[in-house]
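Two complexes come next, and they have one chain in common, chain A, joined by chain B in the first and chain C in the second.
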Partner chain A sequence: MNNAAYYELYRRSTIGVTLADSLDTLISDEKIQPQLANTILNNFDRIISDNLKLEANIAKSKLSFKGVLSTYNFCDDVWTFIIKNVTIKLNDISSEGASANNSIDSEINVDKFKIVACNARRAGE
Partner chain B sequence: MNNDWNIETVVSSIELVYSTNDTDKIKQVQEYLQSIQKSSTGYQLGQVLIKQPSKYCRYFGALTFTVFLNTYQDSITSDQITSIFDELLDYVISLSQESLESNLFIIKKLLSTLSLLFIDHNQTGIDNDVLINPIQRYFYKLGNPNIIISELNDSQLKLLIYFHTIIVEDIRKRDNSKLSQTHEIIYKYLFPNLKHIFGLLDSNQHQQQEIHELALDCLFAWFTYIGIAEHGSKVSYTVDPQILQPLIQYTFYNLKFDDLENRIAIVSKTCTVLSQILEEHPLILNPYKTLLAQILFEENSFGSKFLHAILSNKDLIDIYQQEIENFTDLIIAYLNLNLVYIIRNLTNPQVLRILDIAVTLTNFPGRPIEDEKLSDQFLVFWEEFINMFIEDTDVINEIFKEDTVSKQKYFEIRNEILINISIIYWKKCHIFSDKIVPEFRHYRSKVAEVFQLLYSLLNTSIYSTLCKNVIDTLVAFQNTPNQELSLDIEASLFLLFKVTDDLTFYDDESTQILIPYLEEIFQHKVIETIDENFKNNQINITLLNLLSSLPFFFKSRSGEQYITTTFNYLFSIIIEQQQQPQKQQTGVSLISSKTILKICQNSRSKLTQFLPQLENIVVEMIRNIEFDSLIRERLVNSFMSIAQSLKDPLKLGEVVIHLLNQINQQIELVVHNPNQLLTSPDSTKEENDQKMEDYTVSLLGCINEIGNATKLPEELEDYLTVEQKYQTESYWNEDTLGVKQAILQSINQLSLNYPPLSLKTLPTEKCCNIFKCGLNEPINGPFKFELAIIFQYLMVKVQNCNSGSMSLVYKLVESIIITNGKHVSIPIFESFLSSAFLNKLTFIEQDVDLIKSSLDLFSTVLEKHPSLIVNLPSFQNVVLKFAISSFKFKESYIIRSVIKFWNTLITLKRGQSSEQQLIQDLIVKEHIIDPSHPLGYSLVLSLITSFIDNPRSNTEYFYQLFRVLVAKYPLYIKNWLRVILIHKLVDNSTNDKFNNAFVDTFVSKLMLTRGQRQANDVLKSFWLDCNNLVEYKS
Partner chain C sequence: MSNFEARKLYENIVEDVINESRQDFENSGIDESTLQELRRIWCEKLSQTQVAKFSWDDEDNMPSSSVAVADDGVPTGDSHAPSDLGGDGGEYALGEGSSGIEMSAIQNGVLTYPTVQHGLEAEVPSKNENTDVDNGTGLLLPNIGQSDGAFEFTVYTDDAKQFMKDLKAKNNGKKVKKIDQGDGNFGDDDDEDDDDIFNDSDDINSDLDDDLESDKSDGESGDQEGQLMLCLYDKVQRIKNKWKSNLKEGIANIDGKDYVFHKATGESEW
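Then we have the complex of A and B:
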């Protein structure tokens, strides 16, 4: 798919910032050109987005949550929700088979929870 | 790079790469080959290699052309490009004439190199016919530039299709923002040829199956490319369905049942292409909608014949698994696109026929995941299908308005379909093996989600059906036990658990309606039947999970009568498991203990009658080293939760002291006579030591659980009457039974005086957690200790502990400052600071975690109660130096902590005016770090140095501190920054870019922001300049 069609959201994930740091080091050491680093990050945007899609069937863990919706808005095709007093239920399917104990989901409580949701479909589609 | 090569050496090296398994040798040879590929004579090397008899050498030659062109792309002229293109095309034609099939992998590589030339140079050589119309050049090379496609032989046609495919596939890998002109050239010159090809194929002049398969691969590549081209340029393939008409018509032409056995690959690829069009360009299929529906769903059409053929022949199912899945994808793509129409026209016979096919495919024979994937493929569709009913309720009501008969018929049909689906998936989620693979577990979860949605739509009817199924099957099983019935019960209980769990998570109130249905299951002895007939089986786990989701039921009048049976079952599992050898124990007892905990915490007031029996069990668990620590601690919490619900401090005190005495007796045994506890004669000393350590930590964990379970709820007024509150307060003020003393005795004994544990982290964690239990209590209680006692313990503890424990000590003090800071006196805090920080400074400075923990503690004190610290001499003399020196680290967690410390100190929100003045004086006047500069200068020096040196991922943490400094001390910052940067960047750097003007520009830009958000961009840009890096943007 074309690069411009993928969000850069995942660059802020741990794996994304670590990749950017590594690319910086490679540029500083004159091992690669900045253009190549940019291309690698564009590829990263595409690959991580494709792999997290439902159809890829890789990300199987599920997260449910409940709480008090404090604010929300929808701007430029991006939903933003801020939820307070949130209970999050995590269901890690991948490890469920390893221990019967995990078949009961684990819950965590947080004071504030921010969700930024973008359309999985490409812009303009 | 290596310009010297000898063809014999190169040929033997290439042959070696493909023949040896020696990875070191391969690596060495590859390095040599890569160096000559990249040399200035790389192109000549490619020319020699492509003419070698060896196919490996030829392929390597094709590869060498690509490497050369990529390496020297900037220095090759337009004329050279044209001649290279021609030469490579000659090689392609020559190789294909020799043998297209056997040379295919070499030809594909060469075509890819040609496509590289086309993509890279069509824009620079716009007047160059060769590069804007490579296909025309191909025709020219075949001897006739005006050749028509129908005159091409099979080999030439295949080559043409390959070329069209490879060009658009390669474009997908490029940066689309720079391809606008390329897309226009492709639309103008290549696409007409493509239409001719498919027009020709559609007219059926070419029978060779291989060509049709290649053509369908080409179509797939093109339909992917079309979206990219439309997004990256002004060309539009989809604005008018006529534009793509030959391509679509050809696709439909292939969707026929005749001669299926020989044409199955073509049919499968056609399904894939059509699915892709439906998903990505649905509008272009509008004119063909009816035709597609006819082909897929009508009697005697391709779809029904295909379905009938595969369902009537089990061998075909095994052979054509992938093809059936592709067909199913096409059906699902069609259904998704027409979902709204389907939902609103359920009574239409054509729609029913379509849904009938969907249901048939969902109910495909075989075990899900293992034998068939179709039911899994359909899960997402059925979820959408049910969701659409929920979302479309208003529209459906509007459609029928007053027509109650039609409405009733509509809902009857809807419910019939949904029940069919639920029965299919109920059967599909039956366990078919003792070992459940993760994929099947995931599948069951997705099935459960469908049932959760069904509950949203149908409410209790689906729940009651499942309950009824459990009851009927239980009765049948009680009469004639068999495996099949037990699997039925398991599947229903699993779905009931998932639906109930989902409901209880989101809405506690709505679960009340479920109580009568659940009661019926309990009446039919679900627990007794499973307990008697199954041990250590999945059905036990499922039942346990269901029980864990039913606290609302046990709290109810109907449910409380089943608590005894439930508890007997749950405890029997724990005790039976404990009697098994360790290796045979499973997680069932852990689930059981968690279920007990959940029930006790949620229904504590209904369970007081069980206190005596529970006490016996809990005491036995405390005494018995063999029990799992987590189970022991959970049961202590369960027991104490019930005791706390008595709201009687006298009784609570008695219960607590009884348990504490038991725990202390065991501690005495651990310390003085451990062999009396160890029962396993076969264990090694290491195993025994580990077991003893786990047990001892668990004893502290039990005290912690007593503390957790006896915490008072936040809304104290709603929980205790004024009188009860008074009684509680006065009872614990006196503490006649010495509960607090007993707790302290255990803590001191194990954490301070018992050498095997005193230098370990886990016991300290448990002790700190014990102290934390009482910190937030609004009135006195068993775990509410005087702060002086806690600090006393901590000051002794830090004299004899490891670094992990030190961090926990700091965390506990942070909690004290947050919850009870106003009760902490300056002398006591100073005393703690001296023991736990000043005296340990050398130790702390060697451990990054401790540096972080101590900075976090100081930040919390500065944020919540700054008066505790800012006036202390040690703060100014030691802590500030420590905080400045911490800028030297690059670990993000330390950077975050050190920035937070300085931010908090500079803003000092809760500081009095005298304290704020003190900080201001420290920053601008006092020469604490550097004798010739004030603290602020030293801070800015460390800050800017650390900022420049830190990686990109840490830069954002620095912004806020820069902004606070600019906003609060603008004049000082301006001067300090200028002096520091001129010294650092201009005087000590060889890079001409860093001159006075550069520094002045940055400082001016930063000051202009006045500490507002724009400062972030200025700082980011400065960081990029200093590190000679760029902003990554697509």
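Then we have the complex of A and C:
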């Protein structure tokens, strides 16, 4: 990738993995070339990054978590944390589409939580 | 917990990726139907993960046992039957015109067969009539949301041989029914190939990919245990053993559901 303006990070999300799977299916059916699949994944990188920005007006919720930091790692400008016994609070601002019986604030406890974070300021900037 | 934002985000992304990839498909000489197929497979796989409820799920989960896939590859919930299965004993007349069989009444979603009283009659439909009959079997069967066991019914006919022949002939050309399977692997997927995409994508040779490869084993390898959050960081601070992080624009998979957030703050002790 000569134009590394967008992170490939989100390919690991559910939507990214399922897209990659789908493209893989098409490749093994010989319906598309791997090259085209790569182009689509690059499109995906750009689209998901743009859609997650506040300007896109989709992701407005706030999340906070508290826990025991088990592992931290900083490599190539990427932070990786593994946090244990985490309490995650999600403040869901988007009440519009959610049905009324869903609470706005919610709290989840998980044993193990992994965070992979790229620098918000891109390396090139 | 509501994860409406994730649903909205994912639906937007599917639309955008499909629309903005159209040109790339054209440039590669791939036709529109393949693009639509990509979309269909993608939506299907997303639904299987059950990370969120999607609008296309609503269509698929119509009270119809046969989810038809339209020719253009767009999944459509093709509801043949009226949806008032729970109606209080209304006559569930299936015979349209002369071609069908009149089935019995449905009470509270349970199909009963008062065969003796009604004397179920089946006219063996002629070939020509079959063409405009649902299910392609010449029979208009009720679409029952039955998932356990076989669906049984009795047909009385004068010409059993011909009737069976017609049924078989029609069944041969029938598409495989889509099954909403929630447990285990989806049969016709090449699940073994799932890892290939990670190997394939090595071509890109980015640092992130290396990361992705090594972490895959404990990360996303299964949504069931991977509580994984992908995001950007603004600031990561440490004072002695206390870590604080300001994160943004992320997607988190928690307990099998996906959530998106604009901002996240975290505190943890090492």
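The working rule: the second predicted complex is superposed on the first by the 113 of 125 C-alpha atoms of A that agree within 3 Å, B and C clash if a C-alpha of one lies under 4 Å from a C-alpha of the other, contacts with A are read in each partner's own complex, and residues count from 1 in each chain.
In this section, a contact is a pair of C-beta atoms (placed from the backbone, for glycine too) under 8 Å apart; a residue touches a chain by one contact, two chains touch by 3 or more.
A quick note: this is a predicted structure, and the numbers were derived from the prediction, not measured.
Student: Quick one: is A:Asp45 in contact with chain B, with chain C, with both, or with neither? Answer first, second, both or neither.
Tutor: first
Student: Using the touch definition from the top, say if A:Ala59 reaches chain B (first), chain C (second), both or neither.
Tutor: After superposition on chain A, A:Ala59 lies in contact with chain C alone.
Student: So, A:Ile83: does it touch chain B (first), chain C (second), both, or neither?
Tutor: Second partner only.
Student: Which partner, chain B or chain C, is in contact with more residues of chain A?
Tutor: When the residues of chain A touched by each partner are counted, C comes out ahead.
Student: Residue overlap on chain A between the chain B contact set and the chain C contact set?
Tutor: 1, 4, 8, 11, 17-18, 20-21, 23-25, 27-28, 34, 37-39, 41, 54, 60, 62, 64, 66, 94, 96-97, 99, 102-104
Student: Which residues of chain A touch chain B in their complex?
Tutor: Residues of chain A touching chain B: 1-6, 8, 11, 17-18, 20-21, 23-25, 27-28, 34, 37-39, 41-42, 45, 54, 60, 62, 64, 66, 87, 89, 91, 93-94, 96-97, 99-105, 122, 124-125.
Student: Once bound in the complex, which stretches of chain A touch chain C?
Tutor: Its residues touching chain C are 1, 4, 7-15, 17-28, 31-41, 43-44, 47-49, 51-54, 56, 58-69, 72, 74-76, 78-81, 83, 86, 88, 90, 92, 94-99, 102-104, 106, 108, 110, 112-120.
Student: Could you list, by residue number, the parts of chain B that touch chain A in their complex?
Tutor: Chain B residues touching chain A: 172, 175-177, 224, 227-228, 231-232, 280, 380, 436-438, 441-442, 445, 501-502, 505-506, 541, 545, 548, 586-588, 590-591, 594, 951-953, 1027-1030, 1032-1034.
Student: Residue numbers of chain C touching chain A in their complex, please.
Tutor: 1-5, 7-10, 12-14, 16-17, 20-21, 24-25, 28, 30, 34, 37-38, 41-42, 45-46, 49, 51, 189-190, 193-194, 196-197, 200-201, 203-204, 206-209, 211-212, 215, 218-220, 223, 226-234, 236, 243, 245, 247-255, 258-270
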